[in-house]
Amino acid sequence: MAFLHNAWYVAAFSKEVTAGSPFSRTLLDRPVVLYRDEHGAVVALDDRCPHRFAPLSHGRVIDGALECPYHGLRFGATGNCVFNPHGDGKLPSAAAVRRYPTRERYGAVWIWPGKPELADRVPLRDFPFLDPDHYFTSEGYLLTQANYQLSADNLLDLSHFQYLHPNTLGSDAMARATLRHADDNDKVWVCRQTSAELLQPFVAQAFNVAPGKRADRGLDVRWEPPGLLTIIVRVRETDAPLEATRVGISAHWLTPETEASTHYFFAFGLPREMGEAGAALVQNSVEGLMAPFRDEDLPMLEAQQRAIGAREFWAMRPVMLSIDAGAIRARRIMERLIANESAAGDAGVSDVLQRVVVRADVEVGQ
Amino acid sequence: MAFLHNAWYVAAFSKEVTAGSPFSRTLLDRPVVLYRDEHGAVVALDDRCPHRFAPLSHGRVIDGALECPYHGLRFGATGNCVFNPHGDGKLPSAAAVRRYPTRERYGAVWIWPGKPELADRVPLRDFPFLDPDHYFTSEGYLLTQANYQLSADNLLDLSHFQYLHPNTLGSDAMARATLRHADDNDKVWVCRQTSAELLQPFVAQAFNVAPGKRADRGLDVRWEPPGLLTIIVRVRETDAPLEATRVGISAHWLTPETEASTHYFFAFGLPREMGEAGAALVQNSVEGLMAPFRDEDLPMLEAQQRAIGAREFWAMRPVMLSIDAGAIRARRIMERLIANESAAGDAGVSDVLQRVVVRADVEVGQ
Amino acid sequence: MAFLHNAWYVAAFSKEVTAGSPFSRTLLDRPVVLYRDEHGAVVALDDRCPHRFAPLSHGRVIDGALECPYHGLRFGATGNCVFNPHGDGKLPSAAAVRRYPTRERYGAVWIWPGKPELADRVPLRDFPFLDPDHYFTSEGYLLTQANYQLSADNLLDLSHFQYLHPNTLGSDAMARATLRHADDNDKVWVCRQTSAELLQPFVAQAFNVAPGKRADRGLDVRWEPPGLLTIIVRVRETDAPLEATRVGISAHWLTPETEASTHYFFAFGLPREMGEAGAALVQNSVEGLMAPFRDEDLPMLEAQQRAIGAREFWAMRPVMLSIDAGAIRARRIMERLIANESAAGDAGVSDVLQRVVVRADVEVGQ
């Protein structure tokens, strides 16, 4: 299965990319090194020196360039070699690494693995509740040994709360909830509403529901390509007025590491006007959810991946249920986007490699 | 190499399959879940929900059906979905898992991985000495990272006692023993007789041979497809009358986990009329043999498998010795049975999968 | 990528092959067992019994022959079966394992994986400084998970001292050193000369340079097929007379374990006329170098191998620098030798296997 290349993916949380030492992460099957130049701007390059394939992430940042730890070539923000300590110091024309357009926003570093010249045409998706100027935020990360679309399926069908998270997020009311699906251009919405639900203590506390009181819960999930989800939770005691609804909102960003593994970034935001309570709650949210995500979702996703192995998802001929409508729409959108990109010859990655190959060939032959 | 599907295999010891929690084991390369219904009867199903491929063995048994741990579909003893908690609760026609005929006998659960409709025509093989009403029994299990036929070779040629188990089962008399082979329909017999043998203490004690006394030992091995062996050991002091012969008998059941790994079940039985002594001896047997099986046979079988890798046994062009006659006959019988099954289109497994696929396809297209 | 088979490789240090127990090592992708016969001579055989593929290295040496640990066949120095304990004791004609010509010299056991009849025509390469009669010697060994040619590249381009070993072997003067390359038949020389270098304490001490004093360092590397290197280091304080130069010399022998792993043997020699000081220095050398080799070179080589994966080196289209001239020449020589061997049908290994196959086939068919 191909990846969608012309899209913005989260490469890392901003705090992971420091000035001091380069940061390495495999994204869409390519080892990428992220570092900050002398102005603090993030640079993303292939984590592989074109000379002898040493990982550049083991090197040092010197004058805003990255020094290869094996023989000292240095590469700058454009990906070109800017310093060769050997011989006459000439910079070989083929000595360049692929550089990736990046953006930094919502506490995250975003990367564009496709054709660089297309990056500027496509804006980042909106996650305003993660703007640190106006919101308290908290962040979590899990590396999952499963395809990123399985994670999207998981988040687009929260009926699994009842079965996989019975003691934290779920309740018997989940499967009986009313369910609506909607598309909004390339966005998919799945909206679930329970009524008179007896919430588990973790959720009840977070949303200020008194012990033993029944509540109505709305769970709205929005998916955007290539795997960027927003979950809006609305809770109020069943007999409380509509204005008493408490809202929690979170982002769930899925970036393929490989076909069979996924970087799962999640983040919560609460308005700074909430003061101390908001700061504490946003932190509690990420801490409280880490356990069910890591101990219940992650093993399930990885079991699914083991069952699928190297096969395509559709080759497994999954049975379809009503709860799958959103996840299937999201999969179909991705399939269409990937097919379009492939038809347009826009995936870009192998092209670039091809061009380097030809030039290197000439040099080797000298 | 294909497996023989239309045959009874041991899936588990009876005690491994409890009422409380489902039991998972890979058999002939397929993950299978075993559980007991409300009447205590064993049910065997593919351990993979047809909805999103979750392992059913992680779920709960409810009203004799198995609940998927991810989204709560339930599957009954026929393999069909019997409950869908979502939407209108309709049971999708494609929502079914493969179910396997089972039998329970000789302290073991037997499974038929082939065409279900053929199961009733084929009786279980006989292991009367494991009938718990009349015999004390003991059991052992080892998972071996080697093809099951290598284990059959091992058991069909006990001359290796002398070299691989010199301090427990073997003696210098083994290679010099007289050797007879016989076929009895699809059974293979290998009968070995030593004379005036100085037994190792473990064997001498088990068969009541006085320390330092020489003994004659008969070792009769019977193999039946697909890998069910019986070993009858007859020992008497060389100068004792024939009636003084002591007999030990054991079953050795080989079930492929994969092409390169084997579930090795072994069991001993002694008549209940022996009383306390029999109960103790049958327990000593399995405990005493676990060490040589695990520490001497298993590493050898696994070393053989590593040497063979993904190749066919015959592609290795093994040199043939006189001691191999029985093992080779057993291999030839298996090859003929597998070829017949394949020619008759009776392997069944991929057929069934194919049919499910077609039906699912229609649903997905809706 | 093919190996060069008709060449002498180091299989082991002499001390690794004892009289007591057989020694197993995979060489050029073949498991080989080394043992000493009753006269102390080294025998090298395929570590795989032709009967049931048991590792002969798990067996015992009896009367100069190796006994299979599974069924007791014995194989002698010619590779032929010399004893069969079973049945009529006839020795099956196909019961033979491949034997490899060996030599023992310079503290090492050398093996010829190619056509045995060609071995005598090719002398060992010269490493006179490892003759134990006239030199103190010391030895080190590392198993590296990287192709052997990456290790040769590493040793043929010591400019990496500056970047990979800045605190032990390197200095800022390395990249600026003058560099000469030379070929001498199938030998490649790379000679590097620094001047007024501030040496790291480890090197300064070894070559008797006073603390703080600048020195001139010559580093001459000689490569011979298939991966036998000699490194000669010449150091003197910059203002000292030429006669004050101290010389250190070492051998670096690379033997492929597989395409992606290498046995790296290294050894140092100092003249016995140096007395105690020489004995101590030669020991210090191997101990002092083990750390940078294991902790700095080895991880880099393994990172390179991971980057290359199953691809050919040239398919990676490496950028060429002036420092690569020697390494590229060595690679080109190996490519030519391997191509010649292949064209002449002289690789030998698969041929021999083919012949055994045919004979075994006849026996099996009986």
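To keep things simple, chains are lettered A, B and C as they appear, and every chain counts its residues starting from 1.
Just so it is clear, a residue touches a chain if its C-beta (ideal position, glycine included) is under 8 Å from a C-beta of that chain, and two chains touch if they have at least 3 such contacts.
The shown structure was predicted, so the numbers you read here are calculated from the model rather than taken from an experiment.
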item	value
Interface composition of copies chain B and chain C: same or different, split at half	different
Rigid-body rotation angle, chain C and chain A, from Cα fit (steps of 5°)	120
Chain centre separation (chain B, chain C; CA means) in Å	47
Chain A: positions in contact with at least two other chains	none
Residue numbers on chain B that touch chain A, as the complex places them	31, 48, 50-55, 58, 67-73, 84-88, 92, 94-95, 356-357, 360-361, 363-364, 366
Chain A to chain B touching residues, read off their complex	153, 157, 159-160, 162-164, 175-176, 179, 300, 303-304, 307-308, 314, 316-324
